[in-house]
Amino acid sequence: MNTPDWNVSEWLNVEGPLSLEGLKGKVVVMETFQMLCPGCVATGLPQAQRVADSFSPDDVQVIGLHSVFEHHQAQGHRAALEAFLHEYRYTFPVAIDRVDDAHRQPATMRAYGMQGTPTLVLFDRSGQRVLQHFGHLPDLVLGAKIERLKEARGGTGDQAKHEARATREDTAESCGEAGCLI
Amino acid sequence: MNTPDWNVSEWLNVEGPLSLEGLKGKVVVMETFQMLCPGCVATGLPQAQRVADSFSPDDVQVIGLHSVFEHHQAQGHRAALEAFLHEYRYTFPVAIDRVDDAHRQPATMRAYGMQGTPTLVLFDRSGQRVLQHFGHLPDLVLGAKIERLKEARGGTGDQAKHEARATREDTAESCGEAGCLI
Amino acid sequence: MNTPDWNVSEWLNVEGPLSLEGLKGKVVVMETFQMLCPGCVATGLPQAQRVADSFSPDDVQVIGLHSVFEHHQAQGHRAALEAFLHEYRYTFPVAIDRVDDAHRQPATMRAYGMQGTPTLVLFDRSGQRVLQHFGHLPDLVLGAKIERLKEARGGTGDQAKHEARATREDTAESCGEAGCLI
Amino acid sequence: MNTPDWNVSEWLNVEGPLSLEGLKGKVVVMETFQMLCPGCVATGLPQAQRVADSFSPDDVQVIGLHSVFEHHQAQGHRAALEAFLHEYRYTFPVAIDRVDDAHRQPATMRAYGMQGTPTLVLFDRSGQRVLQHFGHLPDLVLGAKIERLKEARGGTGDQAKHEARATREDTAESCGEAGCLI
């Protein structure tokens, strides 16, 4: 599982742009969402905020990635996203995935081979992508996975990578309650 | 409690414009909302859809009223609302409350003296407003109120009107979980 | 749909025994349950308490009927039920359905032809059984049905009876989440 | 934080008696409950089952401890508990805390200085008690704590012990939604 750089156009809820390189040393939890995706609003984003509230920011950085692949006119501009984050009181940094007119999906979503939203991506302390999950991951399981990455200081993360691959292959779910498929 | 006409600019999810005059003979349940109001998304609109699914359309007409009083750029255009209704699978007719540049609140919201969103308004079969409630009304109570109005064919609705006034006076709630105050 | 008398051995949460005859003039909502039935604990009994809290006791009387048809040793004695009602803070009157050693089901449950627990039974103001439902009835629908019975002062309740019959025929559900089949 | 032996009278859902000594090598999650404690039924026990379903039994052993300190007649005999476990489909081993007529609380609950039910106790792979929590612990936090103990093979668990102590001091909650205080 490779780890493409984030290719995003703007950041909200944070001063400057963030990068995997700059976040090395922390576990990174990235919640990929669309503001009009019901599964993201009901489940994915509240879980991301719980992660941000439950772990120390010295150990775990939560990031939202707004990856719009439908209804661009409605949710594809900064003001709409700002209003959404304000009303729902989300406080973690959010990046806007770069729109590429040649493709329906934005750049980072495409580089990561995501199936839709919400998609949760975990990165270890060395900045390597180690898990990618489309749909909902129970809190009990997510808490354990984050803790394992927290504990693996400087480790190669081989076991976690293996697990991540397996998880991803299992996630060929249909759209609906859980989320929006591409 | 008087009953101003609806002053709206557009209708979605329905062929032509609806009016209280044209709906005479039916009980009308109007859910006033904003698409970025968390209390509307989590509670008010799902309840409106349950009403639409639980009562015969011959007896009860559910209407959404999109009354934007904040974040106009994000939620104040038709495409945003269309995308929202599509993603959340809301099928009842929705009117866009008329924006009036001289005022922060749109026209119908202002004429009805609403305090914020979500606000539920019930109209009897003769088209008279008989209840207006800001915030959440439990399903058990709402089901009973709709049924009373259904049964009151041709009645003057005096008792219901009295109750409505009382309900409205009680609803001076603070913003937050329940909804967005003007 | 006939209306057998209640055949019960004891009453809790109330001074003397109650009867349909004595409750004439009120709508009666009877929640038939077992204290170890998960669907009753999670859904049926909380709904019964909401009904008791939402309607005037002058109009609507909520009754619990403890009809034990399994695990008699565990839940079939008064002390167990008392402890249960105390811990869960249920305040409406509860009758213990009369155990009949010749049959697995207690007397009232058998006379009413119930399929299991929870079963909701509605009686009109004249004491006639007008609806019987095994499993869960949504609050919106239950609120409407209670209100219709409240409004039908002295009526013959023909329409409600018809509806009740239809509802009951539809409820051939399997056991599990919803409740316990006999 | 010392670790008294479990002093129990019977085991359900398992062949022979279990002990901390015999479980060495596994993380042990012990859910202390009463079958008529609403907070245990609604929150604590479902969480215990989720733990049993989410972690490998080679790594994590879930145990229920039925510690009755009130309503002994109703919930203090084996048949009542068996019926409860059967109806709610709980499959993990459950021990009955030993009743001691000289005290209101049973023996293990007393030895562990518990404040009421539900109380969650975590033991590391060496059989040492490292966390004790009265009330509800969010899944995200519990998942992380279990994982940390899983990873700490042969470690001294000093950090976890410290944390456990802090958690316990924080839990002076009042009774009600969360659980039953002694």
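A, B, C and D label the chains in the order they appear, each numbered from 1.
The rule we apply is simple: contacts are C-beta pairs under 8 Å (C-beta built on N, C-alpha and C of every residue); 3 or more make two chains touch, one makes a residue touch a chain.
Small disclaimer: the values here were computed from a predicted structure and weren't measured.
Each chain's centre was taken as the mean of its CA atoms, and the one lying most distant from subunit D is B.
Averaged C-alpha coordinates put the centre of subunit A at 49 Å from the centre of subunit C. Spacing of subunit A relative to subunit D, judged by their CA centroids, is 35 angstrom. A ring topology is adopted by the chain contact network, closed into one cycle in which each chain touches exactly two others. Those residues of subunit D whose C-beta lies close enough to touch subunit A in the complex are 47, 50-51, 54-55, 138-148, 150-151. The touching residues of subunit B, when paired with subunit A in their complex, are 36-38, 41-42, 70-71, 73-75, 79-84, 86-88, 180.
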